[in-house]
Structure formats: structure tokens, C-alpha cells
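What follows is a structure written as C-alpha cells; I'll ask about it next.
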Amino acid sequence: MRRESPLTHSITNNVVPNFTANALLALGAAPAMVDIVGEAGLFAAVAGGMLINLGTPTPEQRGAIREAVAGATASGTPWVLDPVAIGSLPIRTELAHEVAQARPTAIRGNASEILALAGAGSGGRGVDSADSPDSAAPAALSLARRFGSVVAVSGPEDLITDGSVVVRVANGHELLTRVTGGGCALGAVIAAFLAVRGERSALEAVVAAHAVYGVAAEHAASRAEGPGSFAAHFLDALANVTPDEAAAAARIETAS
Amino acid sequence: MRRESPLTHSITNNVVPNFTANALLALGAAPAMVDIVGEAGLFAAVAGGMLINLGTPTPEQRGAIREAVAGATASGTPWVLDPVAIGSLPIRTELAHEVAQARPTAIRGNASEILALAGAGSGGRGVDSADSPDSAAPAALSLARRFGSVVAVSGPEDLITDGSVVVRVANGHELLTRVTGGGCALGAVIAAFLAVRGERSALEAVVAAHAVYGVAAEHAASRAEGPGSFAAHFLDALANVTPDEAAAAARIETAS
Amino acid sequence: MRRESPLTHSITNNVVPNFTANALLALGAAPAMVDIVGEAGLFAAVAGGMLINLGTPTPEQRGAIREAVAGATASGTPWVLDPVAIGSLPIRTELAHEVAQARPTAIRGNASEILALAGAGSGGRGVDSADSPDSAAPAALSLARRFGSVVAVSGPEDLITDGSVVVRVANGHELLTRVTGGGCALGAVIAAFLAVRGERSALEAVVAAHAVYGVAAEHAASRAEGPGSFAAHFLDALANVTPDEAAAAARIETAS
């Protein structure tokens, strides 16, 4: 990651671009956000990885997202779909179903969002999940097989599947849910890991992204006095954690 | 607040959504920002409280704001109007007068903004106030009576009125004015307090929001070395302050 | 700066407005961001200084930028153009060439952006520069003469010219490149320094902005443990650095 500094394109909601870009920079990636019609598709084609986050999809962003997905598809750029708060909100729900047809490399969401994208579930409460990750396991498997995507369900323990293998990552910290963009920035980090995955599978890259992110959160939480200091420590930890430290602290379980 | 975790909907300007969401999360509320036409009204109807902040009102946001105000009104969601920098800037000024007709539960602004909304005053200088809170007291009383709103005028000492009682809150710190969104995030915090007010009056909820916010600022300022470290300490303090500490440190004076 | 508190108007990309406003507030300036059609031009006319940053130019912002440049020109407000990531992205490239005709007081960019604006160069990689500041020196001189602007090329050592004198500022720190908006906020800081330059030349004001900004970065880096804590320390340092400290630590070389 630090050697390759992958150009990571994010089209994301208006609450989190700053935190998202800072998380990518801390990791050593090169963030860029090009979310206007006429440029988003061109940029998707040259980026190393891309995030599409549906948190605040203005009409301009909706056009840019369609362009960007087409550009990434045409040029083989790996990309991540984060279907924020779909289910009860109609515009983003329809858009999520539409762009999922383009077969994202990875899909990341909370349990309610994954259930909604799979056509099941009760609908979330904005960005909160009303469902547990385990309850979304069948939906995650189904989505993974339908779109050929790696599907990651965030929760106290993350559940990640490529449609056959199911991996659980137990790293992370509750304080990450007290900083806005904790989940959204993870989507961009996944895109950056996909960009530099080389010979590894997409599943391995998505799992590694979750583990590094979660380990950094644990480091930060051990020093934080609340969510404000946690956010600063977390960016420091993303910059300072070594591959060996992350590997040693990762809590990953695989079942198939 | 921490037990109920009220879903707090903010349509706000593009400078402060991150800080606003983090302030709400620190307090224990659940922030969401849904500012597009076709979703904003639906979301306003299910939210526990809502903020309408006119800081950077794009055409899309203006449509979303009208929808959201209608949705909140129809479903009884309490909401806060923050008429940022009205007076000399025509589009937001007209919009503020229009949505005020829907009778916001609370109106928060600096003295210049409150004077402008009441149809008086000299006009502010962007987000700065050219007037003192006391000079806006008659305008605040008049607005409160006209729209049935609690009106809060921010300043070194905040002035809050429901049209009959006038309350002054002397908590806070000058460093809060050196962090962008210090006032804007308070609007969202007021919305969260209104969402969980139960049997208390709207006036009490607005006063409590100001006091907790101001006490947290004082805690943070005692440890900060400047505005950057203050912002982190402030979020920590919002998360850590107990109701007893806030009550003990609150400096509230009531006159009628 | 702290005495005059110049009203500094920024139309900037959606990733950095928060950090930009906080940098201005830390310095003692009064930030405002009015980026909608119908208000941007009016505000440009009353502001003390203005930044136009092309990082995420939505259609609404493009209209607002044209208005704002016309307003600033008509009223003599000094303004800064930051042609973010021009070269390969067509919409912003065309817009940059268009607004440059209005003769910005200053132009700030990395080497790739300055080369692209001068009609030369290989094109950047998003916000990264593929070229060194020295390689852009002829382009900077040419732009400065063509538009009567002070042109600043950011890099490990900044190169600043008014078309005859070339100044190099060696302050700064690598961590500033690990915080998103490190360059974008500098554009706003330049606008604030131009607003209060009094009898000094625009070149002196732009150089002073770079030196103060770079010295603050050095102070912050000496205490930071990574990019997250650096950002907080940097805002503290902008607020706390004295003119004497900045003058003593500035590393400025002038050639003509």
C-alpha cells in the first residue's frame, strides 16, 4: 500500500469526504473525489480502485455514479458499492439495485443494507442497522453469488463472503461507530486494498482491509478519551501500524 | 439522550456536516443527513428531530428543505431553523422567511440573523454578527410570539425565549467561535434535545441543549492548546459529561 | 491578520471546506463559503479576499464561480485561483482557462497544474503532481506575466513569482501532504493575506502566507505522532504562532 500509493477514487456522501480522504492518506493511498458528470467516468478509468457510496446522492452525483461505474467496468478498475441507508429511501434504493447489476468487486454495508439489497429485510434506520450481521449471512451469500462480488457485512464482528467461503473479522472497536464516516471510510479503504491486491483474491484483499482497519481502531481506542481524540489517534494508527503488527493482532476466522 | 439515541435529521451547509454528525454521535444521538428531493420529506417524517440550516442552500437543497419542512410538519417532528447569514444574501433570506411560516419548534441564530428574520437589523457579515444578543431581544420575543417558536440568540451569553420567559445561558467559551460549525452543530444538538424532551417544554429542551453544549466547551477549553485540540476535546467532553456535571456547571438565569 | 479579521470567501471542493474554514479561523480570519448562483457574486464584492478552488466543480458551483469572479473583478477584491487537477479532466480544465482570463491576483497549484494552466506539461495524477516545482518555473513566469498574477508552485520547496522576481520558501513538512486539504487551505490563507496586505505587494503577501503556513506545519510536526494528531496541532500552531516566531523561522530566498 505505502509503496504503490494507489489512486483511489471515491464518490461519497457530503458528510464524510474529509475523513475518508484522510484515512486513505494515512494508509499511504492517494485519494481523489471526482463526482461530476463529464469527469467521473474518465477518472474511474484511470483510478486503481473506486468507491461508490450512496449516502447523499444528488442528481449530479447520480449521473456521475452511472458514468463512473461504466468507466470502471470498461477499464477493469475494481470498485466497491456501499448502499448507505437503502431500504426505505426510494431514490438510493433504486440506484443501488441498478448499479449492482454492473457487478461490483465488493459490496459493503450493515446488515439492514445488505438485506435490502438482496431484496429481504426490514429496512434500516438511516445508517443504523436494525439487524445483526449473522441475520444477513444468507443475504450476503446470495448477493455474492448473484453479482460475483465479495460481500462484507459490518457489525461488532464483520462477516465477509465471496459466495463460498465465509470469513469473520473480530477486530474493531465501538468508538469507530461514534465517529461519523467510520463505515464509509472503510469502503474507500477496501477499494485501496483491492487496487494493490496483485495476485491475491478479492476476498483476501477485503478481509485484509477490515483487519487493518479494525486493528488501527483498537490501537486508537487504547489511547482515546472519547470520540474526538479517538478520530485523531485512529488516523495516526492507520499511518503507523506495520504489516507485522496488523497480522499479529488480526482476529480472523474462516469457514466454508 | 444516550438511552433514546434520537434519530436526528440535519439538512445543513457543506462546511459543517462532519462536525455536526460527530457532535450528535458524541452526545449519543443518531445523525442522518438526507438532503435530496424525493427522500428528505420521507425522512423528516420518521426522524425524532430535525435541523434546517441555510448555510449553503443549493437548488437541490432548497427543494429538499421545502419537502422536509412539510414532512416534519405533517408528522409532528420538532425542528430547528438556523437562518445562517440571512439579511444581505437574497436567496437564503427569502427561503428563511418562507419556511419560518411553517412555525419551527425553535429558531437559532446570532443577533444579526434574528434581527433580519424579524425584519429588523443591519444585516450580518456572513456568519459573524454585527449586533449583540441583547440588541436582538425585542426581535427574538417578537419572532417567538409570531411563530410559536423558542428563539435562541447566540453570543457570549445566549438569550433564549419562548415569547414570555427570557432565559440567559452564560456557559460556553470563545474557542467555540474558532471552530467552524460551532454554532451550526448547536442547532443539530437542539434538535436532538427536542426529540427526547418528553414532558418538558421546548424552552427547557433548548436551554438544556445550550447549557450542555456550553459546559462541554468549558471542559474542552481547560485542556486545549488552540482550536485544533479544542475540537477534539470538545467532542470527547460531549461524550463524557454527565447530567450531574452539566447541571452543576450550568449558569442559567431566568426572567419573565 | 488577527486585528483585521478579513472576511475571506472560499468557493472550494467538497472534501476540504471544514479544514479550510478551520485554518482561516485559527489564523484569525473570518471564513465564509457562499457557492450558489444568485449569492456568490454579491458576496465576492463585499469580501476582503476570495479563493476559487476547482476541486469538485458541480454545475451550480461553476455558475457561482463565474458570478464570483465577476463580482471580485468589479469591486477589486483580490482573489486566488487554485486549478486543482486540471490537465486531464476536461470540465475543470476549460473552466480554469476561462476564469484565468479575469486575471487572478494569485494562482496556486502544484507543478503539474501550473504546467497545464500554462498550456504545457504532462498532466497530473489527480491532486498529485507528476512534475517538480523547478520544472514548472518557466510556466510560472509565463503565467505571471500573461495574467499579471503572482504564481505559486507548491512542492517540498515552494516557488513563487510575480513574473520578474522568483522567491523560494523552504518551510513546510511532509505531513502536510498527508492531511487532505493541506494545499487547498493554503489557497484560502493566501486570499486572507492578500486581504490585509495594505501597502505591501501581492508577492510579499503570498510569500508571507506560505512562510507562516509552513512554519506552523513545522511546529505541528515536531509534536505529532501521525497525520491525525498533526492536523489538530497544525490548527493550534496557526492560532499560536507569533509574527516574530514566523519571521525567525521563515526560510525565504529571493532571486531576480
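Order of writing sets the chain letters: A, B and C. Residues in each chain are counted from 1.
In this text, contacts are C-beta pairs under 8 Å (C-beta built on N, C-alpha and C of every residue); 3 or more make two chains touch, one makes a residue touch a chain.
What you are looking at is a predicted structure, and each value in this text was computed from that prediction instead of being measured.
**Student:** For copies subunit A and subunit B, work out whether under half or over half of the interface numbers are shared, and give different or same accordingly.
**Tutor:** Counting shared over all numbers used gives less than one half: different.
**Student:** To test your reading of the model: what rotation angle superimposes subunit B on subunit C by C-alpha positions, in degrees to the nearest 5?
**Tutor:** 120
**Student:** If you average the Cα atoms of subunit A and of subunit B to get two centres, how far apart are those centres in Å?
**Tutor:** One centre to the other, that is 32 Å.
**Student:** Touching two or more other chains, which residues of subunit B qualify?
**Tutor:** 14, 18, 231-232
**Student:** Which positions of subunit B touch subunit A when the two form their complex?
**Tutor:** Touching subunit A from subunit B are residues 7, 14, 17-18, 21-22, 25-26, 30-36, 38-39, 42-43, 46, 60, 231-240.
**Student:** Hey, which residues of subunit C end up touching subunit A in the complex?
**Tutor:** On the subunit C side, the touching residues are 13-16, 18-19, 55-59, 85, 88-92, 125-128, 177-181, 224-229, 231-232.
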